[in-house]
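These notes open a run of structures that come right after.
Heads up, the next two complexes both have chain A, just with different partners, chain B and then chain C.
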Partner chain A sequence: MTEPTRAHSRARSRTPARDHDDRPVVTGIGVAAPNGLGTPAYWAATLDGKSGLGRITRFDSERYPVRVAGEVSEFDDTEHVPSRLAVQTDHWSHLGLTAADMALRDAGVDPATLPEYEMAVVTASSSGGTEFGQREIEKLWSQGPGYVGVYQSIAWFYAATTGQISIRYGMRGPCGVICAEQAGGLDVLAQGRRLLRQDARVVVTGGTDASLCPYGLVAQVSTGLLSTRDDPERAYLPFDDDACGYVPGEGGAMLIMEDAAAARARGARPYGAVAGYGATFDPPPVPGQEPRSNLRRAITLALEEARVDPAEVDVVFADALGVPARDRLEAQAISAVFGPHGVPVTAPKTMTGRLYAGGAALDVATALLAIRDGVIPPTVGVRAAAPAYELDLVRSAARDGPVRNALVLARGHGGFNAAVLVTAA
Partner chain B sequence: MTTFTLDDMRRIMGGCAGVPETLDLAGDIGEVSFAELGYDSLAVLEMAARIQQRLGVRIPDDAVDEMKTPQAAVDYVNRRLAA
Partner chain C sequence: MNTANAAGAAGGGAVREMSAGEARPGTRRRTRARPGARRSRYHAGAGRRVVITGIGVAAPGGIGVRAFWDLLTAGRTATRAITLFDATGFRSRIAAECDFDPAAHGLSPQEVRRMDRAAQLGVVSARQALADSGLTPGDVPPERLGVTVGSAVGCTMGLEQEYVVLSDCGRQWLVDPAYGVPQLYGYMIPSTIATEVAWAGAAEGPVALISTGCTAGLDSVGHGYQLVKEGTADAVVAGASDAPISPITVACFDAIKATSPSNDIPGTASRPFDLDRNGFVLGEGSAMMVLEERDAALRRGARVYAEIVGFASRSNAYHMTGLKPDGREMAEAIRTAMRQARLRPGQIDYVNAHGSGTRQNDRHETAAFKAALGEHAHRVPVSSIKSMIGHSLGAIGSIEVAACALAITHNVVPPTANLHTADPECDLDYVPLTARDTRVDVVLSVGSGFGGFQTAMLLARDRGAKPGQRGGRA
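On to the complex of A and B.
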């Protein structure tokens, strides 16, 4: 997906960077989440512990094993996306386009005034346009091939959101999509950072997912990791003794990432910097043996690159799968690095469900807001973290900071691990 | 004999390819090119597919390429209906 990079003369001719100036900054945030559309609404709800989980309304889920999800209920596809664009794109792209527009406005970036080849787009996706695809496949079955719309050819595939953002704003720099399920929402920041070290000056990054249609849900259910409980308040309880799987959700966040010096030069006010990143892959599962995880290594890689000691980390945004065996692996990785009860841990995704590619991007946005306001948002629903996990879980109510360094963890189904350390700019 | 009107075409355009941001479909758009209206080649292909289903008129791809305006599409369809 990535275009060949052009000459790097501009990057080379820069004056020597000041310390930390190679750390890209995030200057804009756009959020489309089940508990709030737009950053102010989302952040207020999240600090209040207000959940967006509820019975699925996008389709009749009565006969499906999973009936609770996080839907962006305030979102109106035809109101938020121009008509010509809306017909060509899936609901997941609608959420992404809307979040990207919010993020650009928040950053004060006017794409029309910037060189088109210096604006890049790298988003994460894990499902693509399943709802759109299901609609077209239903036409194929019931009416025949001539009834399948032409836009199926461009709406379903993973890069569609990236491509439509690129077209909408004339961003003709390197564009791509990363598919690593939940971890992809962090991996995009590393790819965006790479592009900023080359010729890009602005990168639209982050991700969304929205796969709450019968076809999409069935594909998710097959993993056996989803919660089948009907009570939204008891359906998703990561690290709890009563954990029973996770609730899926839709939405995510888009972020505007820029070179720190360039952002400063144009007078932007960054939320924070992306200071460290680590990615690892789990060993394949061996039947009859306990699963093993390389999450710890991803954490230490991110901290090392950021030159931040574990004691300097103020909060960990956990992946929080809500599946006991996986919760244990994550708790072990956190305790191994930070010590037992050694760092506040939180999972605001208990209020949104897991948003897949959108989830980790939203966690990064949330971590940056936590840094800005010096407060750690809560994990809702969990009555007490299982003592064996030895976690200092921020439960029920937000906890006052200060927050200077925040670590975000994400695991993608199939063995992806990623960690990102964001820090006050 | 059935005739295909510009209003029929407007309904098909808006229904399957969306409404332009800058121009009103209800306005005098017969001779405005699809490109100027904001419809790309995929959009015109989609319109042609809906016309074929609704009226049973077959529209080959090269004929679609020649339809530069809504009025040109209307004229083509009416020629085929009369044939």
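On to the complex of A and C.
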């Protein structure tokens, strides 16, 4: 393989120079993914190229044009969430609560020992408690208003996961909820970092999504962006000539972010630091015109803030929608910054499906694991990236090699772009 | 139906005819002496300062800032029997609705078809705010313009309406995909509202939807404030929108008896701090504001309503819907915001309360004000505009910020309508029934929401800027 050519960049920072120790670090990861519950299981499956996509089992999907999805099949809601909490929350929150608990344990953070106002929770949600909501709205319309349960008001709204995590661990700091579809999973890291630069010490962040109920699936189908193929191995092929849309999934990841000095002081071993972030928005589509994307500027902002040259980036975790027109826009943005075939690009989300806010958070977790172990996970299923995209796509097998800086991209439906640069701590 | 809109029993007629700026002997009084020269810089640190330069409001009682401010200062109420759907069989059948014709406010037929009502209200108020600010792409390029929109329940109304069709009135769990409309996914993701506002404002900077339940409207303005303050954006269209008056949302508050069942007195059912209150009255609406970096705003000659000088939130980690009576975490949020603004309690001229009209809320925040403001809690006027325009969940926080900015502009404190007999445990000055003319330089606005969120924001008059010339009454 020839030495990649990389575009020159101006290492200009909009924010004042900061000491590297000022970069918030991630000290804990919790994963609830279709191809693995818990970080070890997920990471092993991801490196082995084991996919979690399959025929939908949560309901009879026969009549729907989309019948393949990524379900967290090992997950038992009543086993993983205390029953009293489980009845008042949606499946999406169950996954989030479970991932948050794993992440806190992984970080070795004991909330009972920390100042209550210095712990915050900021989660992303793309679509809230869809399944719970469908059950309650069905009761309303089939039986009457008196049949709607008392937990509807707190289970389906987008703030449910954040609120329940805050209550469960006594976290009384500035809590938040950001919705920007897939991009929200990166936006919450920026908010977590902002809070750590103010008065928070520990932030539980990340996100999950789970809209694999009949109404949730039909809503997703309405965009025309989903894959209608029944073969799980050929259904989600971003950047491939054979790309035909994406496969939806459920799950995500929670991350524990801490102030670097505080983490060091308590002897924590960080996975890495959140060094740069950029967010932009696309102009509305104009009929008859090529869409214009501001993804490239989000990438540039993240690199500038991290003071990392494109040549120093070891891997890009792509948004990888799997829709040719959108794949082309993303490939153009990556090539514009890194040059043609200028950086390894991967999309392990072909093994989980698109998890929306949960997916972007999971990509950050995956990037941090790639840094830890010096290996880039593969984009399973893609046989060859379309030559026109000029991407160095890491395909069927994981690629070894040191990973110091990893860039994660996420685009949210409707025009959201976000980029996060994570770096070895 | 609209006859129910008349103001409360006591003195409603007289109040209605009054305008904000008119002298009203007997009701006009100064609450305290001016703090004078000891007032120093409001803003914390040497960083960028953030000012409000444009306001747009679509609220019950009228679309537009003028109608909104007229309603508040007259002490009129906009709560009434629900007309948006047939509420027969529901426990609470009253709400504060917007008389809103999207076409009359400039939305095209395609926009109306595409957007849920919450997005429509948001776009209309965003366009108003941008027009009011006079901001142009020449002042702030699209990539430096951000959008932060708060919403508690997003596009639930559209989501429910389509559900009814796809499920054939709830008869099919396996809903029929043949009836799915193209915008259905846009209804499931609340971020669609932020998308529509960003498109309306031609923003290409950071865009986010904030969904912290009933504090979302304060938190979204706070988020926009931080984006400008830290330099991520130079201007942000910040605000919130919610349109929750649909069967499923009304039913879910029925289920926990959070809303008022006073269906026989819709016009006076929202009674924060009153002994006879029995829950909140659901509302809908939107407010958007243009937030700008102060120096740039002054350079372009913008009119400044107010400066945002403090913003903090805390969580009670107690219960998803319950509140401890001590108001401890809200008090902490208030103290933190005061620290940021370098303000002492005595400098606060007006407190815009969450004042939802539930017993636990009114006692919770009364305790919070006493804990955070000390003796000054008994001197400062405190009022709840939810008494007039209901509780529009995630939207109300932004609508209240708009009211606070107008209070500073006009030196008028809006009243708490329908407050005839104060709950003995709520013993502060809640400005009952009648607006009060008084110097308003610094305002505290608070919010409290499901999930345990408690937020406080401080606004201050910007004395270095041009005084208000437009908006509301001259």
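Following the convention adopted for this analysis, the second predicted complex is superposed on the first by the 407 of 425 C-alpha atoms of A that agree within 3 Å, B and C clash if a C-alpha of one lies under 4 Å from a C-alpha of the other, contacts with A are read in each partner's own complex, and residues count from 1 in each chain.
We adopt the following convention: a residue touches a chain if its C-beta (ideal position, glycine included) is under 8 Å from a C-beta of that chain, and two chains touch if they have at least 3 such contacts.
As the structure is a computational prediction, the values presented were derived from the model and not from experiment.
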Q. Is A:A86 in contact with chain B, with chain C, with both, or with neither (first, second, both, neither)?
A. first
Q | Which of chain B and chain C A:R266 touches, first, second, both or neither | A | neither
Q. Any idea whether chain B or chain C touches more of chain A?
A. C
Q.
With both complexes superposed on chain A, which partner does A:S125 reach: first (chain B), second (chain C), both or neither?
A. second
Q: State whether A:R307 touches chain B only (first), chain C only (second), both chains, or neither.
A: neither
Q: Give one of first, second, both or neither to describe whether A:V150 is in contact with chain B, with chain C, with both, or with none.
A: both
Q.
Taking the superposition on A as described, I'd like to know which of chain B and chain C A:I167 touches: first, second, both or neither.
A. second
Q: May I ask you to decide whether A:I178 touches chain B, chain C, both, or neither, giving the answer as first, second, both or neither?
A: second
(Q) Based on the A-chain superposition described above, do chain B and chain C contact any of the same residues on chain A, and if so which? (A) 88, 146, 149-150, 153-154
Q: Please give the residue numbers of chain C that touch chain A in the complex, ascending.
A: 89-91, 142-143, 147, 152-154, 159-160, 163-164, 166-167, 169-171, 173-177, 180-192, 194-195, 198-199, 202-213, 216, 219, 223, 226, 230-232, 247-248, 250-256, 258, 312-321, 329, 332, 336, 449-453
Q: Provide the residue numbers of chain B that touch chain A in the complex, in ascending order.
A: 14, 16-21, 38-39, 42-43, 45-46, 49, 52-53
Q) Quick one: in the complex, what on chain A touches chain C? A) 14-15, 59-60, 63-65, 88, 116-117, 120-121, 125-128, 130, 133-134, 136-146, 148-150, 152-154, 157-160, 162-164, 166-167, 169-181, 184, 187, 191, 194, 199, 211, 214-216, 218-224, 279-284, 294, 297, 412-416
Q: Sort out for me which residues of chain A touch chain B in the complex.
A: 82-88, 146-147, 149-151, 153-154
